[in-house]
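Here is the structure we will look at, set down as structure tokens.
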Amino acid sequence: MVGVALIGSGRMGSFHGETLARRLPGVRLVAVADPAPGAAEALIRAVGGVAAAYPGGVQAGADPHVDRAAAYEDVELVWADPRVDAVVVAAPARFHADLAVAAARAGKHVFCEKPMALTLEDADRVIDAARAAGVLLRVGFNRRFAPDWAAARRLIDDGQVGTPRLLRSLTRDPGGFDPARIPAGTIFNETLIHDFDTLRFLNPGAEAVEVHAVADALVEPEWRDRGLLDTAVVTVRFSNGAIGTAEACFEASYGYDVRGEVLGDGGMATMGDGRRTSLTFSGANGRLVETARGDQELFADAYIAELASFTTAVATRTAEARTGADGEDGHDAGREERRAADREDGHGAGREERRAADREDGHGAGREERHPAGREERRAAGGGVGNAGFAAVGEDARAALAVALAAAASVRTGKAVEVAK
Amino acid sequence: MVGVALIGSGRMGSFHGETLARRLPGVRLVAVADPAPGAAEALIRAVGGVAAAYPGGVQAGADPHVDRAAAYEDVELVWADPRVDAVVVAAPARFHADLAVAAARAGKHVFCEKPMALTLEDADRVIDAARAAGVLLRVGFNRRFAPDWAAARRLIDDGQVGTPRLLRSLTRDPGGFDPARIPAGTIFNETLIHDFDTLRFLNPGAEAVEVHAVADALVEPEWRDRGLLDTAVVTVRFSNGAIGTAEACFEASYGYDVRGEVLGDGGMATMGDGRRTSLTFSGANGRLVETARGDQELFADAYIAELASFTTAVATRTAEARTGADGEDGHDAGREERRAADREDGHGAGREERRAADREDGHGAGREERHPAGREERRAAGGGVGNAGFAAVGEDARAALAVALAAAASVRTGKAVEVAK
Amino acid sequence: MVGVALIGSGRMGSFHGETLARRLPGVRLVAVADPAPGAAEALIRAVGGVAAAYPGGVQAGADPHVDRAAAYEDVELVWADPRVDAVVVAAPARFHADLAVAAARAGKHVFCEKPMALTLEDADRVIDAARAAGVLLRVGFNRRFAPDWAAARRLIDDGQVGTPRLLRSLTRDPGGFDPARIPAGTIFNETLIHDFDTLRFLNPGAEAVEVHAVADALVEPEWRDRGLLDTAVVTVRFSNGAIGTAEACFEASYGYDVRGEVLGDGGMATMGDGRRTSLTFSGANGRLVETARGDQELFADAYIAELASFTTAVATRTAEARTGADGEDGHDAGREERRAADREDGHGAGREERRAADREDGHGAGREERHPAGREERRAAGGGVGNAGFAAVGEDARAALAVALAAAASVRTGKAVEVAK
Amino acid sequence: MVGVALIGSGRMGSFHGETLARRLPGVRLVAVADPAPGAAEALIRAVGGVAAAYPGGVQAGADPHVDRAAAYEDVELVWADPRVDAVVVAAPARFHADLAVAAARAGKHVFCEKPMALTLEDADRVIDAARAAGVLLRVGFNRRFAPDWAAARRLIDDGQVGTPRLLRSLTRDPGGFDPARIPAGTIFNETLIHDFDTLRFLNPGAEAVEVHAVADALVEPEWRDRGLLDTAVVTVRFSNGAIGTAEACFEASYGYDVRGEVLGDGGMATMGDGRRTSLTFSGANGRLVETARGDQELFADAYIAELASFTTAVATRTAEARTGADGEDGHDAGREERRAADREDGHGAGREERRAADREDGHGAGREERHPAGREERRAAGGGVGNAGFAAVGEDARAALAVALAAAASVRTGKAVEVAK
């Protein structure tokens, strides 16, 4: 059983809290920390609150996964809590780096929401601390765990896409934001950082070299003078010559929209269709498809899978530590975990997995067989185990941040800007 | 906490076992019954087996949801086990009715895999037993919990489709079946029974009146003389004049394919796109989309949601029983549970829910808020709570069976056959 | 130059008139016949009427293709007109057979709108007359010339679909019809006859053996007692075991909808997406695609291609006649013409053609090359030349009629009905 | 009858030659000019060559549209030919401006393939010459006549898209080009100039202000040092704040790919699906759609429509000239012609047209009606008449060129570059 503490009980924190409390076998939410009085306790109640309708009525700890969860206002108590094997950092972005460093120093494995840090110095501090402590350091780049993006990466790894030439990633939020609450740089640090990571994810082995950005306040033009940037297009030149475009807007009338594309000499992979379901309605106005309206709707599976992958890696790591197995470095957790995942379910990720699944499926109509194991195993982990090797680690987060910082600098200077090493 | 026993540890039993053991908060898998020696125990180990990699090593009961789960070879022990509030019947079809009757008599709520029975007499026995015992009786018609089918039904209930005129439902398995193991009638009783239920689900309030079926052994023609039917088209005339077509084939080279369509005077809803992910690959041969290869891949969410809905209903029912609230009848569980679900999450299903979700999503980029509750709640239950009212109960299962029996009779006689009341 | 007379100046006649007058190189509209006073003349003016805006103002015969076109009220004058090589019969259905017979006897090649006849006896009379006269006899089954249907047939001929098992064809009109003007049998004779032909087209070499039909007045229920049938589902069993479903409804709120599907042991071809253009609009209500609203919108290219194919065949036939080449039989015009078409453009139809086209396209960006010829040639003929071999001849029309008659009989008797030979 | 001379008989010239010779009622191809000995004559034969199979055998002038067509090696003869009302310039790009100027001076209306010129000075010379001569000046930006792009523009004009914020246009050629034959600047002047025009077309009333471009030789890297640019991404900032991205690559393994997108505050329009037909094949590898392989396949209708629109405008203009009607200025031909088109078919473009079409379509099943006129009229003109107002005139071509020049300068300097006025 892996004990996890959640730090931050806001929008993403609440989602992660539910995932930790209920959706992951072998995981226990042992603590929630939030400086706002009552916030941590309220979250714990919320994620265990379905107990209200159960036999026996409302009762703290009715759900075995969240009984004994501690509510802390002081995050220091998390570091001191011996039941905490790992932390999920979902506090506001400006606190991420310090929290991650402190967690690592306390020997806790770290899953940090993006951005991991707001400066390269801070990013380095986090990476160094994790390395020194020998803990895992994962960052919440959810696209990597979305089924279509992960499948695209497998096509790339299989060589079908070939050498990437043109890449594209875009993020559009459904709007309704409060301009007064958007810190400067948000569109680069918090929104497009997903797209910068995605471009790297789709161009493995290459690094961003130079960035040019155009950004403006087109959704809320009257806030332009106060520095709001709500719409941006960023061109990224990579070390292998490939050219990427990252694009973001804080408002799309049709909902939440995330798409990706990579064109290589072998072909093109296209991801993200934004449909709510496969239902189509044809009526007097034509053919209508409902569109997804929020990130937690579109990426629910990816959000769960990234934590499933993280906690599985923590469990593997901890088990190995106890048996004297050779520890792995924080920055190559992906490879190691993939190997572990392969051991667990008895066969490799990707194509092998699918072929095996096909054999299983082939048994067909109306029969009952015994012990499927492998595939359901993976599904229980949100589909993530097969993608474990794709998880973003500290180095990835640093690289995406470097692009974001260059993009912001490009807007300030009106020039193309080299990406810092 | 709802205690559930699983009866049958085959292909679907294993999937349901994992769902009960790991995927549903507030649910505990307390027993598995299977007459094959060692089968029940093996399933329990399989669903708890991820513990192997956890601190402490392999240990029975490492997962709090499955500790203390009993492995029974004799199903009588299930009826006697006081920890068992409800059973999931996933044994071979010919045992369904007897098991469901016995479970009801023992006071256990019943979720029965389709078909609930193979004769109308048996179906009546099951319904009567559930009614007499005052237990819930649900049947595993998964399409009702698939997001696109459920959304189609909401469109119908909202009046957008209008009065249905033409309906269609089809099921194609990926092939690879063993003709020797297909009992006569399988294509009607086990495959098309899904489609017959779907046609009714998409034409609420109407009943099938007359059926004409054409069927043949086109996949395995050399088995035709031994009575195999692997391909069938069934025309169903409904009491409101609507005409439905149900179509099945045991082999589609491209995988598992389930689709539905309803045309009313207001418009047409179309369901089922069979894509594995939203990834598209464009290469030298054109544009390629991977197709789903099995039912547990395409309907995983629906399989989970139907059990989430069932166990939530059990929890509600039990809670009300303890507080003296008025019991509901097995055959209108849907409405009652929907009301319960609405109470739980504080607002109604369907459109209201979506509008509320939209408001939530509207908060947008980069901010952290507190306490999402409702929506995540629903997601934790596999998206099923909102669809609870659509669950198939005993009467639905009986009606679908009546169509299946008429279809089989139509093939035998070469004539259109009236559907028995 | 092929001289063509148009018989009938109604809705389809007007479209065909424009095609003959303007859209086909090497074709001249030399006469229009319609018993309604002034109708033929009005059509001739309409198709030449764009001259109104040209230098010189309104002038009969401004367009070289339609100068000298004769307007006849008495169709006998068509038979006597030596400039008429071929006729296009677009009069009301009940006159088709007699007109086609008379045309053949006058030595005119015949393109007859569907249905070619309303009884098998009449169909035989037409076929016999054409055979005796040695004239071509084509029937207007437009799907055969729609690009997706023709491509499906190529896949079938290439063996990729394999042996058909399940087939489907549906036609839905956009509604707005006048129930008082619908003769009994229209849904079978005039609408579904397209689908019956399509099922045969997608199952080459097999013949319909038995038919079961369900039909009703669901769009205009108050006309049911007067014999209106506006909605129908027909199951067709074929000689090779394949089972087809043809479905029609006179009203779809979203427009004109024609789709087809064939599942074989090799795979499935799906045709007909009903989109007006490739434009997608994503707005507050979701993602919207405009749907086609009428047959002349959805099948304009197919309507043109079928006449292009016919007139090319007439030209070929006539040329061969003059050179003493061996005449072909009316009922195998398809094969002969395909050969002629292949000779013309120097390479075969189907895959070869596409491969050749690919090579041509490969020349790429920004360059100017000389004399593409072949591909444009084919496009000029409306894409039809490559499909010439798929054109429906008299025997095809008779076979489709036999299914339609069986379907009507099935509705009358409530039983499955054998298809007449 | 409008007499048109074609200048240049290469790849596009051949296509336009066929269109002029065969596909446009009221148009006569009266001359072809090409300096290569025999080239003009060969083209004339090719477009009339279908006569080969006609009665009477091969015969110059068998097709009434191309009899008497003159083959010139010396383009001066075109200027002197009184039968030539208008010219279509399809010579290599470097000759466009001089040819257009000479044509205008000779009083011929001009349709010039893109790019109209290679320098702004030349562009001004062309515009001035056309204005001085009072002739029409159109440029071949085909997207404006593609059905989905034109429909997108109507959505924009209707206000449904709202104020554009983000725009995108991309062009990918199918590859196979000869690097040695690509002049420097081709990707900007000949390929992306389409996309620059498209961005303007989708953002009506705004002008490009600043451009940043990244470009490289990624398809043929060994030609990089010789100045080849085969892959480029260009960011364009518009006067209304909108940000556009134009992207091109000379090789896509899956064929010819042109797409567009515009996001405004009201919604998003997406154009270009690249499918060859609506056929889908589902087989062992998944679901496959054929992709278009060349521009003349994907844009055939648009190529025809742009010439239909041009020649109709010429006819209108000439007719008005003769009646003393007020001449229009070359640069606002669009508006004028749209008005003319509206007069011609009796009702306005866009929504009205569609509503009217819907009424027509509503007549429905099985009936024959008289004289549809309007809609077929428009289709005969390749769908273009309704879009006539969207045609690109000289000012548009100059504006697109200014962006192309700025993009090339941006690549040279590595900086963002202001777009010249």
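Lettered A, B, C and D in written order, each chain numbered from 1.
Assume contacts are C-beta pairs under 8 Å (C-beta built on N, C-alpha and C of every residue); 3 or more make two chains touch, one makes a residue touch a chain.
Composition by chain, UniProt nomenclature: A, B, C, D = Gfo/Idh/MocA family oxidoreductase.
Computed from a prediction, not measured in an experiment: that's the story for all the values here.
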Task: Each chain counted as touching chain A and chain B at once - done: C, D
Task: Pair exhibiting more inter-chain C-beta contacts, A-D or C-D - done: C-D
- [ ] Please name the chain that ends up farthest from chain B once chain centres are defined by their CA atoms averaged.
- [x] D
Open item on the list: So the centre of each chain is just the mean of its C-alpha atoms; given that, what is the distance between chain A and chain D in Å?
Closed with: 45
TODO: Can you check how far apart chain A and chain C are, centre to centre, with Cα atoms defining each centre and the answer in Å?
DONE: 55
Task: Centroid distance [mean C-alpha coordinates] between chain D and chain C, Å - done: 32
- [ ] Enumerate the residues of chain B that touch no fewer than two other chains.
- [x] 252-255, 266-268, 275-276, 282-284, 290
TODO: Could you pull out which chain D residues touch chain B in their complex?
DONE: 252-254, 257, 274-276, 282-291
- [ ] Using the touch rule from the top, collect the residues of chain C that touch chain D in their complex.
- [x] 1-2, 8-15, 18, 21-23, 25-26, 36, 39, 42-43, 46, 49-55, 57, 62-65, 90-93, 147-149, 151-152, 155, 160-161, 173-178, 181-183, 186-187, 190-191, 230, 250, 255-256, 266-273, 275-284, 290, 293-294, 296-297, 300, 312, 315-316, 318-319, 322, 340, 344, 354, 357-358, 360-373, 375-377, 379-380
Open item on the list: Residue numbers of chain B touching chain C in their complex, please.
Closed with: 162-163, 165-166, 172, 212, 214, 216, 218-219, 221, 231-233, 235, 237, 241-243, 245, 247, 249, 251-254, 263, 265-268, 414-416
